[in-house]
Each structure stands twice: as C-alpha cells, then as structure tokens.
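You will see chain A twice below: alongside chain B first, and alongside chain C after that.
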Partner chain A sequence: MSGYKETATHDSCFRPGSTLCPGCMESVAFQNLGRVTDNGVKTIFTIGTSCGEVSTLAYPNVVAWGRGDAPPEMFGKSFSIIHNVFESAPTLAEAVRDVSDVLTGCGALERPVQVVAMSGDGGAFAIGLRGLLHTIYRRSRITMMVLVNEFFANTGFQYSPAATPFSDTSTTPAGKAIPGNMQKPLDYVHLAMAAGADLVAQISPAYGKLFVKTMEKSLSLKGTAVVFVPAPCISGWKYDDGQTLELALLGARCGIFPTFVWERGQGGSVKDCPREATERPRIEEFLGMQRRFAHLVERDRETGAIRARAGQEAHLENLRGWVQENVERLYALGELKK
Partner chain B sequence: MKLLDPRSMMAESDLELRGDGKAGGGLVLAFQSLADLMLGDASLHVQEWPFFSSARRGANIRSFLRVSARPIQTACEVTRPGMALLMDEAAGRSVDFAEGVPPGGTFVLNTQRSPEECARHYRLSGRVFTIAGDTIGERFLKHTIGNVSTYVAMAQAIGGFTREHTVESFVKTLKKRRIPELVLQRNREALAASFDEVRSGTFDLAGPGDHAPPTFDGYGELPVGAQTSLRLSQTNRTADYARSGFRLHFSDPELKCNGCSHCITNCPEGIILWRPDPERGVLVTGADVSSYCKLCGECISVCPEHLFSEAPYEEAWEEAEVRS
Partner chain C sequence: MNSRDVAPQPLLNITPSGARYESVIDLERARAAHLPLHTERTEITADGNTAAAIASLQMWRCMIYPGFPITPSTKWIETVAAYVASTPGTPKRVKLLEAEHAVADYMVGAAAACRDLIFVTATSSVGLDHMTETTRSLGASGLGNVMIINVYRATANFPLCIEGDPSDTLAHRDDGFIQIVARGKQQIYDTVLQAPCLGMHPDVLTPTMPGYYGIKSSHRNARLVLEPDAAIGAFQDRWMAPCPLPGLINGDTAFGNCVTSRYFQGFKVAQKRRLERALELLPQVGADFERTFGRPGLAFFDAVGWPEKGEVDLAVVSMGPDFGTFEALRDAWAREHGMSVAGLAIRLLTPFPREAVREKLRRARAVLVVNQAHHAGRGHLTLDVADALNGLPVVPPIVSAFAGIGGADVSEATWEAMLDSGRRSLAGETLPPYQVFHEGRSL
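The block that comes next holds the complex of A and B.
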C-alpha cells in the first residue's frame, strides 16, 4: 500500500465535533491536511480568523483538533495550533519557522518541525495581502494553505478579491442595475509566483491523489509553498447537499479555477482543463448548480439544459471571455521556469 | 388549568413568543413575517430578533418575538413565553422547546403528528397546534421547509386575522427579500393550503415541575463569553445538524468496496470506519453516524460503488428532551 491509500490510513488531526456547515470544503481540506501531516514530523499550524477557526477552536465549545493520547516518544504525532487574527497566519508561521530554526540551531529543539499556515481568501487577499506577500518574499520555509471560497463567508458572504465575476454576494447583490460582482478577481497565483514562492498550486481535494502529492511535496520543500484550495461554500454558493467535491471538480474542469501546480526551476502545468473552450465542460453547468448565479442562468424547463437568462447573454459572454483569459494565463504561467 | 389567551395577553401586558429550530430551516422568516403581520395593527408594539450561536447551517437557533399594546421596554431573551414554536423535531433533541411556558400556554409544532401525540410526548398543558409544514413545503415549494405553514399556524393560534390579510402580509414580507414572482405564487398556494391543515386541541398532560423556567443563580462557573446555554455545547453532537428524519446508511453485503479511500479522506468529520485488507489495502466497513454525521452527502457522491445512501429514521422523535 502506498501513496494516496497509505495516506488515507494515517491519523487525521482534525476530529469530529466542529460546527462547520455540513459538507464544508474547509473541513474536507483539513481532513486531507490532517492525514498528510501525520508523517512523523511535529507540525505547527497557524490559523487566521475564518470559518475554519471560529468553528473549530471557539471557546467554550469543544476543540475539533487532536490526535488523541500518545506516549512522549511519539513526538511526531503531536502538533500545535496558534490562532490569530485574519491577516496573521502567514506572518505568524514565518515567526514560528524563524524561532524553531534558532532553537534547532542552538540544540534546544532536537527534531525539526514543519510549519503550515492556513487562511481564508478574505484574510489572505483582502485584509492580509501584505502579510502574505511579505512571508513569500522572505522565502520562509513554510507551507501556506489558502482556502479560496471567494467570500468573507464567516462574516456574512461579503465579496473578496477572489470572487468570480457576476457572482451575487452580500456586498455586490445582483439586481436590475448591477449583475453581481463587477470586479475581475485578483490573479493570486501569478502574484505568489512573482513574490518568490517555490511552489504555487491551485488544487482542491477533489483531485485526491494530486492534492495529497502536492501537499507532501510542499511540506518537504526547502522554500515557501503556497497552495490555493478552491473551496466551494455550501451556504454562500448555495448548492444542494453532497455537491461540494463535484463542484470543485467541475469548476476546475471548466476553467473557473483550473488545477495548476508550478515549481520554481521546473515550470508547471494545468491539469484536466484543456486550453480550447470547446473541449471543456460549459461554464453554464458550473453556474447552474449554484444559486449565487441564479440571476445569470436558468434551467430550461423542457430540455433540462442550463442556459443564459433573457437579457443576460452579454454578461455570460463576458464571463466566458474571462474564463478563457484565466486558462490562457495559467498555461502561460506554466511555461515560466523561474 | 386556565387557558391563556394570546390576544388578552397582548392587551394586558405583553405576549412573548419563542421559537426553536435549525439554521436554514425557515424559523427566521416565520418570525419576521409574523412580526410584520402584527405591525399591520398600528396600535401594537413589536420586537423581534433571531438568536444564532457561532455554529453554522443545521445548528440549533432560536427566535424571539414580543407583542404588546404598550411600548416594550424589555430587551432580554424570552424565558417564559406565552407561546412556543418547535420548527423542527430534531431541534427538540438538544433543547426543551416548551421550557418556561406556563400551564395553559400555546404550543405550535411543525410535525406530521397529531396534537394529542405531541401533547403526550412532550407533556404539554395548554392549546396545541400542529401542522405538517415540511410536507406542504415539499408539495408547493419543492423544499422541506415549514416557514409558510408555521406562520399560518401561529397566526391562527393568536387569532383575529383574516385569511386574506394573513396571506398578503406574508407575500409583502417576501417581496422585501427580492423573491421572484414565480416563487411568490408558489408561496401563495402553500399559504392557502396551510389554512386547512392546522390541527389543534387542548390538553393537560404536563406533570408537576415539567418545563420549569430556568432559574438564574448568577453566572457562577460559566466561562467568559458563554452568555447562553446555546453557546455552551460542550459535546457538539453535530449529528443534530443533519436533515431531520434521515441518517446515513452503509450497505456492502457483497464486499464491493474497492478500497479507493476517497470517502475516508474526504469525510469532513472523519467518521468512516475501515479495516486493513490484504487485497484492497483498506476495506470500508461503515460510518460512525451516532454522534457527528451531519449527513452532508459527500461520501454518497464520492463512492464509485454507491455503497452509501440516506435512510429515514425515527430517532429524533424518540430522543426529544423534556426537562422536568
């Protein structure tokens, strides 16, 4: 047994009892990460405020993290979590790495540790972009996992710089005058590469094997690894139960957030998302599953196919243009070696 | 037992209502629309607010409403309601929805069961109204949501509103929420159907000390930040978040599990049970659904062999809590 199946048998450090929504992608990502980090090295997590923090670490509720009791010699199973405000997860991780390096250098810490920072996209791109970029720029040896659900889900679905164009959020409500969010999202993948990260990936746990492999590689890297995890949000994207992984897969395939893994020195590649729009699933399939795009598309009563609403064709065409741009850009970024 | 009439409570002092339900279950809309209905009467003062814990979709929530002929000065949560609503049978598993209701009070339940069954089960004394709101929601709104029906049941329990006024006030509330015309029409149909589905009865089945109001003895051992019992969940039995009346079911009599492990790594709660297997690597043997399964359905959609499914179960009713 090896690879993905072997990882599945690891002890996850994320336990039941969190108050996250049923089917939340954050908890799925935490489960995956919890298993990957059970690799014999002590892990130090830093987590910025997000749903994932307030629903798993909120005092006085139960803490949803832990691997149970273990004897001291199983030091590698242990982990710690430091939580701080929105923008602080990367900065804190940087500090943890520096301190642990000093302690290892002077012999106080016998075995090395691995450091993982976890943020939401609101915390990482809107409030804490400076902290994120600074940590990457300093080439801290940490792994950053940014859960991109395209909102500030924790505070009530306000739009974030990662919001897909034309999505209905509480600060960009779709109506007669404005069809949802009019901003083009921040190109965070390119930004992380430009700032100096050694590994940049955009991948969700829906690609199980590749996700686990990418996380393992990130943890063993000698530089900064940034993994953006597209995280469908059941309450904000408003879709039916049991569709989280399906949506993550479909969104990646149709080019909204293509799966992309890039390593400095080796270049990168886009996975499972052809450059030609005709070879990808239609974006309508992705949009039609979510009520945050209900103002844009509708289901044809007779054929069951999803099509643009009357008068919204131009917006949909616009969105299709952005998706194509997005895919082309990631292909171009994949060509970059350094 | 003297029956407490909501109308005279309103006139004399104030009528207090409390609702228990689950986040996403329509409790907020039911209370807001009832508040709007009350506000139609210019002589009444109304105070309404929902209470959420930090927990998310499916978690227990409460809603409060005060109506009075005099200006309302009180600004605390309702602990001795004259009328209590149970929006979801499963919500009654973590809290006693009738706590603090005096004998002779009014109880409204969104349930398939008869008023008598409910009165006996929850040991209620007073007027009991029931309505199968989820069924009506399923029929007209294609969604198991009982807000329309419980609104009608509450309006009938209070009494004194015409059908037309009740319907129009609700539609007006919906319009504020930018609901499309098609959905408004469906809601009208659901409202019309609800009027004839309300069942009621008067019972005196509470024992001495049942549903006693909470006593306040100071904050004592409570940790800082824990203002209310809703936030004090030390167990976080998150199985209560699941859709009411259903539970995850695993069946693999022919050992079709191919050991792909996707359900194990992708279960948000990590409750999939498995054992090592020489051929497959791992063999999934089920899921521990007793305490934490939120029934998110990811295992159902991710399993290539379709071994997981949803199955109905009755336990929510059996486990409902009656505090005495």
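The block that comes next holds the complex of A and C.
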C-alpha cells in the first residue's frame, strides 16, 4: 500500500467533465477512489443508475472517467466502466470478476484486474438490496462502494431506506400531520456483515487517510468488501455551498453515521464517535445546518444555539434516542469477530 | 488456409470507441482448455432441454453458465451442472444467481467483460418477464455474445399454466433480440449452435433468443445427432471474428451511457440496422451449416407443400411443433377437398422476414394464420403476415385463428376445423376477424 501523500499524486480515473453539483460528496469519493485504483492494476467500475452515473456518463458530454491516453503497453492504467440499471452494479461487478478469473484460470489472461461496484441508495438499499446482499453472500472478490445520501437524489430527493428519521424528503414531506420520515433507517452495515462480507466500513472521504487506507485494503482483499460512504447532498440536504466536508465530519461525530471499519476475523471499531452522547457534538448542530430538518430545529436568535422548534421537542428526543441506538449498535457490531 | 483468416469483416459503420489492448486476452488458451464432449458424430436420444444444453456445452467460447431454474427450462441448467460436476479439469463453471433478473444483469457484465466469449442461459415465461428491464438493455447493447434460450410457456400466473405457449417470447419482440423458433430436438440443437454466429457477426452484434415450446419440445425425447466439438468450433470460427469493439477487460471503454434524445435517434437507428442485417446473414449462416453438417441450417421458415410456381389455394402460416400435425394431414385434407394447400412454419420471428414471407404468399388465394398465444387483437403472427402482404396488387384474404393456447394440443380435428375456415373463406364466406379453436371446434 502506498502512503496517503503518495496516493494523492496518483492519476485519478475520475476526470473533469462531470455535471455533479459543486461540492457533491460523490465527486470527492470518486476522486479519492480514482486515485487509489491507480495502482498498476487494470480497473473496471460498474455503476448503478444514480446521480453519479447520469452526471458522469452522459453522451455527448465528456465521459468523466478514464486515465487519459496511456500508451498500449501501460495496461495497468487501463480503465473501463459500465452502467446497466439501478440495481445491477454488484451483479455486473461479480460477472466481470468471474470472467477475469475463468480467463486467468486457463491462462488466457495473465494481468490482474480489480473490480469496483458503485451504487446509490436506490441501487443498494431499495430496488437493489437483493442484488447487493446476494453478491456479498456469494463472496465475490470485488469492492462495493455505496454512496449513501439518504435520498433517491437522481429522481428528485425521494425517501430512501437510509433516510434519517424526521428528515424532509419529497415523498415523506414534513407537514402539520406528519413530521417527515417516520421510518428508522435500514441497518445496512449489519446486513452486509451478516450476508458474509469480509470487510464492511462506513466512512466518509472527509476522513481522508482512513478512507484511502480502507479502500486500499478493500481492493487487496480476497473476498468481498463493502464500503458505505455517507454522502452529504448539497441539493437534497439543502445546505450552503462549502459545507460538505464539515457536515460529513459532524454527521459522523454526532452519531448519525459514525465512522466504522470491520474485518471478518478481526472485528472492528467505531472511530471518532464516543459511545457516550455527552462526549459527542449535539445532533442539533448537524440538523441545524440543513433545511431538510428546518421543521424540527431552529436557531435561537439571541444565543445562536440550535434548538427544537416549539412542539417538536418530543420528535427531537425521539431522534436522539435513535442516534444513541445507532452508535451502540455499531459498537456492538465491532465486537463481532465473524 | 486457417479458418480464422476468412473471418467476416464489418460492413456497417461501427466506430470503435476507446483503446483496445489486442494481446491482453489470449483466446487460444481458452480454446485449448476446452474438453471436447464428442470427438466424432454421435447419435443419442434426448429431450429438447438436453439437446440445447449439450450444444451449449460443446462450444468452447461458453465458459460460464449463469442460470436460475424455472419450469419448463430447468433441465437445461441441471444438465450443464451435471456435466461440470462430473468433468474434472473443465474450465467451465455454473453460476447460480438469485433470480432471473440477476441472471440477465450478470450476462451484461460478463458479455461486456469479454466480447469474444458466449454467455448463454435458459429461461421461460415469467422468468423471461423478470429479466425484461435488462433484456431491453441487452437488446440495444451491441452484446451479440449473449444468448437466452427461451423455453416457451404461457406468461401471467393468473391462471398459472406451465405448458408450452409462446406468449413469453411474443411479449419480448421489441427487446432487441434476434428470435428464432426451433421445433424438434435436432432443430433445437442446431439452432443453438448457429444463433451466436449470427449474433456475434460484426455487422449484427445483437443478442439472440432461440426458443422452443415448453413440454412439447422441451420434455419429449427423440433421436438427436451430435456433431464433434472440433467441427462445431471450425464452423463457428468462420462466422465469429474477434469483436472489433473493446470489452471491459481488453479495452478502455464505457458501456451504458446516458444520451440526450437527439443522440438517442442515432443509437436506435444503428440498433435497427444491425438487427435487419440479420435478414441478409441468416440464410448464409444456414447454408454454411448445411454444407458443413448435411442438415438444413437456419432459415426464415420451413416451407411445406409449395409447388414450384408458388400458386396454392390455401397457405397456412404457423410455428412450433403443432405444425407437424398439419404436415401429416395436409396432403390428405387437400385431396379430399380438391384444393392445393401449403404451409410455412416460421423460424425467424424477429426480425420478421417480411419480404420472404410476402414472396412466398403472393400467389396464395387465401392465407390461414394460426396463432398460439393470447393477443389483444387478431394475433401476433396475423399482424406480421398482414404487414408482409401489404402493398401486393392483390392481397389474399387472411383467416386468423387461435389454437393451442396454453400449450394445448392442436389435434387433427382442430387443424381440420381451421382449414375448413380457410376453405369457407375461399368460397366467399365472410368470417369473423378471428376465431379460437380447441378440440375440433370454434369456441
């Protein structure tokens, strides 16, 4: 594995030309993963329908992927990408892995290939949950990166099974009768572990070194790695330009999506998110930066502190309870060895 | 001369996109790893699914077999799995997915990974329906190295009926696949061997969907001649050039992009042209097969009872194994009624061979079309035949019949009742737009 600083100088396969929103966490993740995969091994990405797909693979726009015009002898720089449907990225990746393995097995392919599947919320947790879990279950030697922005962002910010409770989405709008999403998020980290993944992580590129290290580890595994990437969405979460990394760090530290890395046989740990709520940033700080929670919290004009809106105290307390459950569950999962 | 020296070159304007690394995949190693199932011509007795499975196994370009079981296609994957399990050293693998949709997705990834290998599966009925989201992508993908063997069975589970009815394949006419109908074990085996020659031709690059009737063809046994693997490989080499486009492994490329509606036009026009090119190439593949193996190869249809000048009183158009019953009684019925009767059993369903069908039917005085699947109107085949006859100076009347729906037997009595409708039409009687026949009478 190379060092973080060295990786930062690598040639990313994510190129200029995407139409992702400025400040989109997906582009940060693509850029970092793109550099990690510049390791001398042929790279193949599969991508489900998502913002990350329609914003990078639209013809006649520039295809925002590749490593430029490497000479033919530099096959290690070679890069390919394929999109099929929302839910298919893991299955496509598994197929590519199998074909390269069977060709390698008979001596027809002598160069190694690394395969990465990329999905969004819909492609991994909703229409694509079946495909995700079964590819993990079959122990395919691929890395899956799931970009979790808690929406079906591509189709207009509808509820996804990863949506934070009480968040305002276009299909769980906050109103006088219903205060946004009333469903607890799917426990996707636990599901991936239970299905048989060898490495499961929830980590933001805001933790640059750990993100790169986790991705490098994932690519070197003999089994399946699943990396969930919390992806603040400037358009859907409704926050101000320039706050993406701050929100990513705050969300992880306050317990909404704690950083977590687990390996089969070794266990795992929660990073930068104490078990005790009093030792973590208040969730109000995270909620207050986003207008998707504007029905729940407001800024006190005198003190500047974020607080529950009048009549929303019980909902905020409820959310606090879920966050604590979330943190404790990840600590418990970290103790599992297999 | 090495057979690969005469491999076909693309005629259509296909522009490779992205670099292609010529030497990364050494296909000769894959060929060398193949363990032949048969080294000489062999005769066996087998059912249709077994015939299709053996053909799939004899192709060295088939190395991974993705599948998910569904009646009546299940024995295809079982047969392949049994071979792989009992053959030490084979490079072939069976890949069991969790659902048909996943199988179709898997074939997208696999076929794009290496465009010179063939990826084949078998399915049926709602299994094919479950694949639909991805079969439509596949049809437009340029991945001619995908083959879905469709064992016909009625779609819709209200009520569930597991017998052979082509409503599944007919519901997928617009998926973009080349759809070929086979009847009889030998034709099933031969069709599976020829279909990828057509689909992988550099002018066509379109996935194929050979099919046959569930139960009637899939489960009944008959004599089958198997060719040696080496002869099959040599035949296929004449039609399968290395794909001119980069794959995921041997190229820098992007598949499945979004396009604006303006550019969508061009993609769709190219897709239609590739599909229609199959109309020119299919007879050539079939003729080469016949020269090589001494049996009829791919054709637009099987023609029965046509006089040299093509003038007949009544022409019958149908498909599938029940056409055999018509063949058996045709001559006697025609003599009894003092009429000349001939028939076409359609082999190429999509693209429909309009010109060839029109040419064959242009001197018929009336045409009886027998449909075997539910249709909102007069019948799938009826509409195709009507389209084919459109523009003739004198368009013969079309008598539209439904029979054998849900895989029901089309008995001699039913055929006679349908033929009698054709006779009445010739006599000037006005018939309803369509009639449904069963057990010798109109329902």
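Assume the second predicted complex is superposed on the first by the 336 of 338 C-alpha atoms of A that agree within 3 Å, B and C clash if a C-alpha of one lies under 4 Å from a C-alpha of the other, contacts with A are read in each partner's own complex, and residues count from 1 in each chain.
Quick note on the criterion: a contact is a pair of C-beta atoms (placed from the backbone, for glycine too) under 8 Å apart; a residue touches a chain by one contact, two chains touch by 3 or more.
Keep in mind that this is a model prediction, so the values were computed, not measured.
Student: Can A:22 be said to touch chain B (first), chain C (second), both, or neither?
Tutor: First partner only.
Student: Examine A:5 and indicate which partner it touches, taking first as chain B and second as chain C; both and neither are also allowed.
Tutor: Touch status of A:5: first partner only.
Student: Return first, second, both or neither, reflecting whether A:244 touches chain B, chain C, both chains, or no partner chain.
Tutor: Touch partner of A:244: chain B, not chain C.
Student: Per the contact definition in the header, classify A:102: touching chain B only (first), chain C only (second), both, or neither.
Tutor: Only chain C; A:102 stays clear of chain B.
Student: Please work out whether A:35 is in contact with chain B alone, chain C alone, both, or neither, and reply first, second, both or neither.
Tutor: After superposing on A, A:35 lies in contact with chain B but is clear of chain C.
Student: In the superposed arrangement, does A:84 touch chain B (first), chain C (second), both or neither?
Tutor: It touches chain C, and chain B stays clear.
Student: Can A:58 be said to touch chain B (first), chain C (second), both, or neither?
Tutor: Both chain B and chain C are touched by A:58.
Student: Could you say whether A:131 touches chain B, chain C, both of them, or neither, answering first, second, both or neither?
Tutor: Second partner only.
Student: For chain A, which residues lie in the overlap of the chain B contacts and the chain C contacts?
Tutor: Residues common to the chain A contacts of chain C and of chain B are 54, 58-60, listed in rising order.
Student: For the complex, give me every residue of chain A touching chain B.
Tutor: Counting only chain A, the residues touching chain B are 1, 4-9, 12, 14-24, 27-28, 31-32, 34-35, 51, 54-55, 58-62, 64, 173, 175, 205, 208, 212, 234-235, 241-246.
Student: Over in the complex, which chain B residues touch chain A? Could you list them?
Tutor: Touching chain A from chain B are residues 24, 53-59, 178, 223, 225-226, 231-236, 238, 241-243, 259-262, 264-271, 274, 276, 281-282, 291-292, 294-298, 300-302.
Student: Please give the residue numbers of chain C that touch chain A in the complex, ascending.
Tutor: Spelled out, the residues of chain C in touch with chain A are 18-19, 21, 24-30, 32-33, 63-64, 66, 91, 93, 95, 97-99, 101-102, 105-110, 112-114, 117, 133-134, 137, 246-249, 251-260, 263.
Student: Write out the stretch or stretches of chain A touching chain C in their complex.
Tutor: Spelled out, the residues of chain A in touch with chain C are 42, 44, 46, 53-54, 57-60, 63, 65-67, 69-70, 72, 75, 78-85, 87-88, 91-96, 98-100, 102-103, 105-111, 113, 130-131, 134.
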